[in-house]
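Okay, got some structures for you below.
The same chain A turns up in both complexes below, where it pairs with chain B and then with chain C.
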Partner chain A sequence: MEASFNAIPLPKVKTCGGLWINMRKINAVDTILWSSGWISNVIIIAIIFFLFYNWMPLFRMVSPIEFFFGTKWYPTVVPPLYGTLPLLVATIEISLFSLILTFPISLVVTIFMTFVAPKKIRYLLKVFLEFFSSIPSVVLGLIGLSILSSYLQNVFNLDTGLNIFNASLMLTFLTIPMAASMMEDFIVSFPIEQVEGAQALGATNMEILWKVMIPGLKGPFASIAMLSMGRIFGETMIVLMVAGNAAIFPLSVFDPAKPLSATIAAEMGETAVGTSHFYALFGIGAIIFFITLVINIIGEWVRIRYEREMRRS
Partner chain B sequence: MQKIVFFIVSVLAIVTLTAMMGIILIIFVKGIGVINWRFLTSLTSFDFYGVPQGGIGPAIVGTFLVTGLGLLFSVPLGILGGIFLSEYKTKRRLFSIMRMSVANLAGVPSVVHGLFGMAVFTVFLGFGLSILSASLTLSILALPIVIMVTENAMKNVPNSVREAAFALGAKRWQSALLVVFPAAFSKVMTGVILASVRIAGETAPILFTGATLYLTYYPHGFNEQFMALPYMIWGLVTTSINISASTPFAYGIAIVLITLVAVMNISVMLLRLKMRKRAVL
Partner chain C sequence: MKRFLVVFFFSLGLSLSVFAFNLVITGSTTVLPIAQQWAQAYMAQHPEIRISVVGNGSGNGIKALLDGLTNIADSSRWMKNSEIRLAESRGFFPFPIVVAYDAIAPVVNVNNPVRNLSLEQLKGIYEGKITRWSQVGGPDMPIVVVQRDNSSGTHEVWEEKVMKGALVTARALTVASNAEVVRMISQNKKVIGYVGIGYMESSTMIADVAISGIKATIAAARAGKYPLARPLFMITRGIPNGEVSKFIINFGLSPAGQEIVKKVGFIPIYRLKK
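Let's turn to the complex of A and B:
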């Protein structure tokens, strides 16, 4: 489709392909469209600028080494300690744990939808997943806080039910619908020739799944994992309500923790503009922003490479 | 062997899906008690012991106001951007940068949007804690969603439509805005509805840009603080004085939010069915 579109001989409008527009040949509408095409770049750059603008003053009071590698986050003691390492470790622990839960469960749900369930149920499930994925995360946080926490506390005999395990579980519920419906899209749009080729060789459904589809879909699955990871990493409300808000080094999954995003959400409200605490919270925002940026870029890159390969073959 | 594996897979999948349905069911069971007409329409108040009384009227109004304003800012811009990305593409490197930045903006965590909105709208531009700052922040969140949906919808319009427009002597922008966009309109609409669901349920971006737990009046200006449904859930179960008495109230709000989401999703489904019928004709 792309090739044919480019092959149409178009009327010679010198469109705004590059940064510079030839103003005489371009009319107002083209210019408006061109500038709104750039709006998201402008916003990204503005986000980066404002994060740094509100972060850099911190380093007049605290050294970067202490900020990145300090192990104590006590912003309210005198003098305040801004070590973000325990927060980062908590975020990474929660993200990895819920990714480990999300990925196989979504795969199982996808396999059920595509291979086992009859077509009508499959359609219903797809609708249900879409509905569930648009439930606000604060509702899942509410469930984790007021039901799951006391349950976990009793079953595992813990000091507190608000911990990494609880947060990861609720985050898993948040990401399963997204991951499963993306996986389903990829499995449904898998090249039919390859499936038919395998069927002609006498492969059963399960052999097609394990030996044809999953090896063929390694790239997209990796990108789904990265995108879910990006989503989990920056999710705020669930970890704010459920993770326990204790800025300590989490050792086991049943320890309470204070992830990066929850720290911002919990403390920004009580912080005066222009204090070192304010700058430190923007620094945490910058850390989250750049880590999710890298995760998303890797995910996009994997997906684009897969699509290019598919087009070639 | 296949049967056994698929049986285990089915059991696991059904357990997961049941748990998901169970979550919704639990919310309805726990919160249905507080739902009545008064709950939906009257002002919020707390009695001497911190037990919430009255209703969530201002929060409903606030959520609709902020979501509507956010869409008002983001939808026109997002649609124009999406049209540009799908219709004006060439092989230039700059376009891949453009598309990459849309995808990355969609992946920015909502708490970072909140920080950005606070830094720019609340502090830098001086809008303060207000409906205006919150809705501008939410509009930045909705923007990449609208752009991506518009781009996809426009790309799905068959090329023959464009060829016909060009054959009649239309310029590129005329074919894009007057021919291809109307053909893609209902698909764009579904995307706008989904974007509105997304921003109506967001809490983190409005945490520091203007939401507040408790107001005794309906909002009557764009430069005032406001109450919002998702923010109220969070506030009631974490910061209110009497948490155990507030929890059923929070479940009631969750029911309202879930119903809102369900209505939006159903309207999207109906739009899609309508489109499919038209496509057959």
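Let's turn to the complex of A and C:
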């Protein structure tokens, strides 16, 4: 029997705010669901407000141009210099380099898992990826600090093994399980009609993969790239331990750098509330927050566009 | 069964309160070895007392003291005016006690032959004006500069007495503790850094550098000849009483405590009888 919730026409009532609500008894479940939905929105707005509230006082002492485009970050000298440009460039370089390393490797691992590997190896690989994804980032930082840095120093004859390359490599280890599992989800849930259609036309497995699936999955893969980028951008512990924390404009991947998140982690503990340094660190937090927000919004938008396209076809 | 589990976990949670500490000490990584050794010896003498010792930088220790999160703040520097005023506004005056004297020594890797630098050379290296070891009498390799982060009392003293207002080069790597500096130097022979003398013996791969011929020793610091000597403090909220005063004044400043200071590698505050 098809019972429709709205089978009985209920009178719509206009409230003072102009909202139309159905006249039915509001029960406890309604209230709980409604308020949980609203609480998350309120919390996000509260976070944004909190960030701005603790950031705006900075611009009484420092000009916005100097904050966003200044090239020297020396918060403890007198008078302090709060130029965040080298920090932003460092974060962007580390994130881009990690993404460049993660995406192809995850793609290859996923394709191997879903198309090439026999069942037993596929199972082992999945277990291995699960294991990898549960390594805490501080452990990865420790590995980068103790093992990878001396290795890089000796093999590439560098001044120091704590650099962008080290940080990006450890971030890649962090992100590959996440990206690979997301890609696997999309490949496995690829519309079977398209695969069968290609099979009917006589395509081999590899041709189906490269000529049907990958071009068709451009949207989701772009959104996976964006989501991984968002994850990498905000990662703090690894970059704090292995990026070297030198506030320069890195010219090569073997230069040390001071990313935004590591700056906050390293300096917030010592900063007294209400000083310009405090406001500047909140400004950095706001920058990270907004860039990550934009990246995630773009990722979601690409994913939704893809879903609409797939539904249409 | 369910009720049993609830009671079990509840009492487990309650029993965790046993692990509450009688004394919490946080702050300078330079003073950390002293605080740790004192805590160990004190807990051996008084088994019912539990002391927690953490090293995360003088600035963090003082901040914890201001926030009421620690009983004793270790500090390798004097408090800033802003910190003292903040303490006043929170209703107490910070009471610093000198527990030892320290000297900061520039250190290099043991495979780097440079063993003597002047204050001007050190300033030039840290400013980024001197970039290769060959410019100061060493082999021809680039100098990698390591500094401490801004919560470090060691760094403050270095800035005040060596940099004298000049900016440290942006290329300097920033690390969070004395132990980190030692680790970096042990692994990389191009690095120069600075540590408190308590850390000079902590690795066989590091060697201290004399400043204009004067090495960082107890005698030189006490005679006032060594330029980078400084007092080490333990700061309390107001005049210490109870466990805090027993720990610092009765134990730490006694000959037993000062013997420990000497054993750890720092300079006792008074001459110890042999």
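Structure notes:
In the analysis below, the second predicted complex is superposed on the first by the 289 of 313 C-alpha atoms of A that agree within 3 Å, B and C clash if a C-alpha of one lies under 4 Å from a C-alpha of the other, contacts with A are read in each partner's own complex, and residues count from 1 in each chain.
Basically, a contact is a pair of C-beta atoms (placed from the backbone, for glycine too) under 8 Å apart; a residue touches a chain by one contact, two chains touch by 3 or more.
If you're wondering where the values come from, they're calculated on a predicted model, not measured in any experiment.
Using the contact criterion defined above for the overlaid structures, shared-chain residue A:S40 touches chain B, although it does not reach chain C.
In the superposed pair of complexes, A:M206 makes contact with chain B only, with no contact to chain C. In the superposed pair of complexes, A:P75 makes contact with chain C only, with no contact to chain B. In the overlay built on the shared chain, the residue A:F282 is in contact with chain B alone; chain C does not reach it. Contacts of A:L251 after superposition: neither chain B nor chain C is touched.
By the touch criterion defined above, A:G269 reaches both chain B and chain C. After superposition on the shared chain, chain A has more residues touched by B, the comparison being chain B against chain C. Put simply, chain A uses residues 269 to touch chain B in one complex and chain C in the other. Every residue of chain B that touches chain A in the complex is listed here, in rising order: 1-2, 5-6, 9-10, 12-14, 16-17, 19-21, 23-24, 26-27, 77, 80-81, 83-85, 87-88, 90-92, 94-95, 97-98, 100-105, 107-112, 114-116, 118-120, 123-124, 140, 143-144, 147, 155, 159, 162-163, 166, 169, 171-173, 176-177, 194, 197-198, 200-204, 207-208, 230, 233-234, 237-238, 247, 250-251, 254, 257-258, 261-262, 264-265, 269. Residues of chain A that touch chain C in their complex: 72-77, 86, 149-150, 153, 159-162, 244-248, 256, 258, 266-267, 269-270, 272, 275. Interface of chain C with chain A (complex): residues 56-57, 59-60, 63, 82-83, 86, 142, 144, 149-151, 159, 165, 167, 170-176, 184, 187-188, 190-191.
Put simply, chain A touches chain B in their complex at residues 1, 4-6, 8, 10-11, 13, 15-19, 27, 29-30, 32-34, 36-41, 43-44, 46-47, 50-51, 53-54, 105, 108-109, 111-113, 115-116, 125, 127-128, 130-132, 134-143, 145-147, 173, 176-177, 204-206, 227, 230-231, 233-237, 240-241, 261, 264-265, 268-269, 273, 281-282, 285, 288-289, 292-293, 295-297, 300.
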